[in-house]
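Structures follow.
Same chain, two partners: subunit A is paired with subunit B first, then with subunit C.
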Partner chain A sequence: MSRESLTGMGENISGGRISDSASAVRNRLSPTSGADIVGLFVALLMVLLVLDIVRRLVTGGIAYTKLLEYLWWGLRDAMYIALAAVGLSMTYSILQFANFSHGDLITTGAFGGWAAAYLVGGWGLASVGELVLVRATSGGVSPGQVGLQVFASPLAILIGMVVAGAVTVLVALAIDRLVYKRMRDQGGISMLIASVGVALALRYFLAVIFTNRKRGVTATAPDVGPFTAHELTLVIIAFALIVGLHLLLQRTKLGKSMRAMADNKDLALITGIPTERVITATWIIGAAFAGISGYLIVLDRGSVSINLGWFLLLLIFAAVILGGIGSIYGALVGSLIIGMTVNVSLIWLPSDLAKVSAFILMILILVFKPNGLLGGVETT
Partner chain B sequence: MSTETVADSDGEDNAPAPMVRPSWFADIGRIAAVVAVTYVFFMGLGLLAGLNVNFIMSFLQRITFYGAVFAMGALALNLHWGYTGMFNIGVVGFMGVGVYAMSFVTASPDASPAGLGLPIPVGILVGFLAACLAGLVIALPALRVRADYFAIITLGFSEIIRLLAVSGSLRTLPGGYGTGGGSGISAPRTDSVVSWLQSKPVTGELTDGIIWAGVNLGGVPDSVMENYVYTGILIGIVILIFLLLTRIAYSPFGRVLKAIREDELAARSLGKRTDRAKVVVFVLGCGLMGLAGMLWLGKRTLVTPNHIRPIWTFYIFVALIVGGAGSNTGSVIGGFVFAAFVYDGPDFLKRVIESFYEVQSPPTIADAFVSSNPLAVIDYLVNSMDEIKYIILGLVLIVLMIKRPQGLLGHRKEIAAAVDLSRPSTPSDGANSTDESATTGSAGGESDE
Partner chain C sequence: MTLLDVANLDSGYGDLQIINGVDMQVGDGEYVTIVGPNGAGKSTVMKSVFGLTTYMGGSIEFKGTEISGYRPEEIISTGIGYVPQSDNVFPSMSVMENLEMGAYILDEVPQERIDRIFDRFPILEERRQQNAGDLSGGQQQMLAMGRALMLDPDLLLLDEPSAGLAPDLVQDMFDRIDRINDDGTGVLLVEQNAKEALRRCNRGYVLVQGQNRYEDTGDALLADEQVRKDFLGG
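Take a look at the complex of A and B:
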């Protein structure tokens, strides 16, 4: 146990790498470690829980349809968590800090996108100011009047989504230029603290503009089979974006440079990869995904408030950590696990404790398997 | 501890330089000066604006009270982060554990949810121990991980505590106990200690005298004066914690902590039991956070989950960073400055602005821009002071991290050794240690906390 702590706290990155791998080798040589025991315990628990689900299904404790519903919800949550987790994971590995302002990029996308959707969908129904502020005061135009649902005004919804991504990218790039760029040579903890400051400033800047009222913004859409239309839209768009990202990472030179930088920043610098340009690309992709994620969450849930992203942040961290920080594919797997954990745990837990199970899972992974489930490769 | 003492005396044999000692008078003077300047500033501003004297006095009481709370939190956090380098962002979770445990012990057995009905001091002791225990549970597995992972674990812990407190399923447990869910636990308030003091022979006359003086000489209402007395008790506790932590910081054990912060591997190689030191310090700091939580939240009639929000952790963090991580004096000053200028200052500013002209705020910022009134945008911003407060908070944090990561009185580069090993005749390196060595330059190196 004590060997692992050799890596120490607050150690610089390259030093951490070497001692990480050294202790990894040592752990492989040593007979059993705490991680193995806990892993065994968790696996045993998993088996027991699966058996319990089977028992409940057989005895009629829960209906099949209920279980399928939970799984579907799990997939739905996994999709928007994944969109956000991709960006967080990329900034974590390439800029090497835990970005606590990522949640508020999600909120930025949600407000920016819906402002555009209201402007396009409700043009002429109310003053521009009222539309852009997305129902900042009660009264005024209702979502039903604007007709904001995918079947009634698909164009407005689509334009809103594009704007959500674009606005978030602009905000993220501006923040990078103003804050993080000046801190590139500082440690991860300094940048983490600065990102908390960015998170607060950004969230309450949005609150000053849009007010902190929680309001409904979408109209109800007809169901498509067993699913609501908006859920389905979320899952399809998120899936398409993730496939696109996969192609980008694997087929383009940019993707290769990003993977190289996440793997070893100094080596990437020496081999002539334009690191600043890769960092810009990282922010563009990560922020666009976060913004679109926020926009789609609002489409699905129907309401928006300034705390939207902040409340999701820890779940997103959980997903990133679960898959192994820096691994984009790991983040996708982690999102799936977190989405499923939060929803399937509803079988045993009341809904207000469902998140607790995900956080406990996150803490266990951080303590006993800090490299994540997909192993110790800190690459994309 | 014996090994450290030996190492200590060895060091003195080799180096004739005097031991590093705390500079009590300079520190107290610094804190008093900051507090006095702040009081004068707000009082002057308030009187110029023609604000009610009662309002100003209760404002000063407010900033002193929150200053004391933030100072306690920042001192405890300084022990974790400033001295030992443990990045704990679950402060409010430990506060919550403390205050919930206390309420459980002190709440009346007939109330719903029921408590044990024990006196408040017992409750505070139990709350302190409960927060320590929570710290131990977190510390044992989590102290081995990287600093940023540790941060996420502690944040996750505080979220779990908040979710458990707010959850409806723990609202009532068997036996009538429980957390009360969203409506919380109703327990005797910790500031009832003031009326207890009044009921005792000597302290009663003293307390009554203070209150009488405030009411008759200052024209301050009774209730505000009682708050002043409670705030005074809090200041006393801040002083005790300050003394305790400064004592720890200058002990051999404190030097082990600083060594862990600078280079844990080296400290371990020198035979220091770093794991044990980290656990002890983490547990003690968590207990102190619990104490701060009890004295702050326990002052309310209801202990609810509303205040166990992560933002409070960041308040305390900003207080510590403003003051300078690694400095107990800085923690206290940071706590007070933060309470006065960032936490409560904007409200005061709003009152001052409102005293000059009538603010007619439009409902949204869009209305403000199209309004015929040219001051409408300013009116809107004055009315959104609650939100702007957080923007200021964020900007302070960003600017400090970019421009001055060591804070106003930061000592992150303070020497970990018992004696000052740097050469005394190098005034050029005063750029790092700022003006402090200039103000207290008697014996070598005591400028460091």
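Take a look at the complex of A and C:
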């Protein structure tokens, strides 16, 4: 601080009056006014886009049902992003680092869960190895033959989901014990870099077991009204889990101690909150949600690959940062915005560019509100 | 009876030793102030009692039990409450939830304690559903004290409770500490506002560079020519 002001003074002295007035002008054009302009621009853009949607609806440029479909897809994507985002946000606020291995926890859940679902639902149809490795090799049994879909084999799907959560929790706790626990006092940057290493290690470990072949997994389920059965399952389960988490955070002693620790770690320690137990609970909830998210994404998309979580991680980070990193409720809001943006922008953009629009929106909002939408308002 | 007996304490942070052979006693229900220049280790003594520093030697007895090496959650249950100087509330949690966190180590939140704290600090009852982060500085300080009083401690450690308060609130804060002490709670206070603190307390310690320099009753320290000249600004 003092050094900066000293060099600033030096410049002014050497530059004389001219640089004095120049810096005065710079001060008047402070960052806030720049952010205000961006904010105004974003708001104006939103209004224009909404008006354009209305125009297209009226002139028939876009069908009413098409818009509803995009909104539904937006909600669907928001739900699985949210499941993963709350966990990422919780590890950020309670363990104080950005966990880049969170995406590969999603992949872990996807493979672990579907291995279990295949074993239960496909028992006797193929060798145990082929089932547990979720069709690692081409040829052999096909997804249609195993016939896993919510109506035909609800039990297998349910067991798979529970296993997806459980396996991911075990993997996350093991990684915490092996890596992060030893680094608790090391600071966010070291842990972030370690987590990138963990992400790669975990992904290639999974690739060694399950191979890196992208393959179909589920059978097609009959539609429920305008929705596919599997996306409906995803939305309902994710919604239930998020409501459950909300009740946990607001009503239970564990949830309150998690919020307390996210708020003020030192004070939590002084209050007698057993911080390691809270950290364990954080991993359990965050990892279970990530694993179930991965499992449900595969249920919806019908296929699984080793890059599932890694490719998703950037969108999840966008949602978390947009909502205000460290804020669980912010992560939910951010997920909804990202999910909706990615899909509603299909009205104007080809699908390849839809994700770009989400990131551009994120950048614009961050310029306007650097702490994210709910950042600094509500830490948890 | 001696409540807290710190003898020949050495402590610090990591390899850095800050406290060098400090002795300090707080009697049952006594009001003791630690004063001294910046960097004298006043807050560090307090943190050491609460197990938040690196212990390097000496003894800390509370009610006759050696508590050096105890973890904070064990120290709380022996009957010591601690209010840190800053960041002493959970900002995104409600006033009520902050008080509940004060009783974390109990299975049930004791409603009668909450009622008594609301009697003591009526403004907290008025604001009980508000987030602590939305309270004023003085109200946050009251909430922090309320939180520390949830377990009805025998000894309350207060680290500069008047720091950052508007001048008219400082006297109010000291009055509240008096009342807490009148109800029988022992108080160990670290204060920048040394004159006022010494006026109010039973006894005081002057700490310099992590060592005891003077100790006496508050009035005697205030009257001491040398103490006044060196530490109280004349």
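Rule of thumb we're sticking to: the second predicted complex is superposed on the first by the 341 of 380 C-alpha atoms of A that agree within 3 Å, B and C clash if a C-alpha of one lies under 4 Å from a C-alpha of the other, contacts with A are read in each partner's own complex, and residues count from 1 in each chain.
Please note the rule applied: contacts are C-beta pairs under 8 Å (C-beta built on N, C-alpha and C of every residue); 3 or more make two chains touch, one makes a residue touch a chain.
Please read these numbers as outputs of a predicted model, since none were measured by experiment.
In the superposed pair of complexes, A:Leu267 makes contact with subunit C only, with no contact to subunit B.
When the two complexes are overlaid on their common chain A, residue A:Tyr204 makes contact with subunit B while staying clear of subunit C. Of the two partner chains placed by superposition, only subunit C is touched by A:Arg259; subunit B is not.
Of the two partner chains, subunit B is the only one that A:Leu314 touches; subunit C does not reach it.
Of the two partners subunit B and subunit C, more subunit A residues are in touch with B. After overlaying the two complexes on the shared chain, residue contacts for A:Asn212 are found with subunit B alone; subunit C is out of touch. Applying the stated touch rule to the two superposed structures, the subunit B and subunit C interfaces on subunit A have no residue in common. Against subunit A, in their complex, subunit B makes its touches with residues 85-87, 141-153, 155-157, 159-160, 163-164, 166-169, 261, 263-265, 275, 311, 314, 317, 321, 363-367, 369-370, 381, 384, 387-391, 393-398, 401-402, 405. Interface residues of subunit A facing subunit B in the complex, by the touch rule stated above, are 1-2, 4-11, 16, 97-98, 127-130, 132-133, 136-137, 179, 182-183, 186, 188-194, 196-205, 207-209, 211-212, 314, 317-318, 321, 350, 352-353, 355-356, 359-360, 362-363, 366-368, 370. By the touch criterion stated above, subunit A contacts subunit C in their complex at residues 253, 256-257, 259-260, 262-264, 266-274, 377-380.
Those residues of subunit C that touch subunit A in the complex are listed here as 50, 52, 72-73, 76-77, 82, 84, 87-93, 97, 100-102, 104-105, 131, 147.
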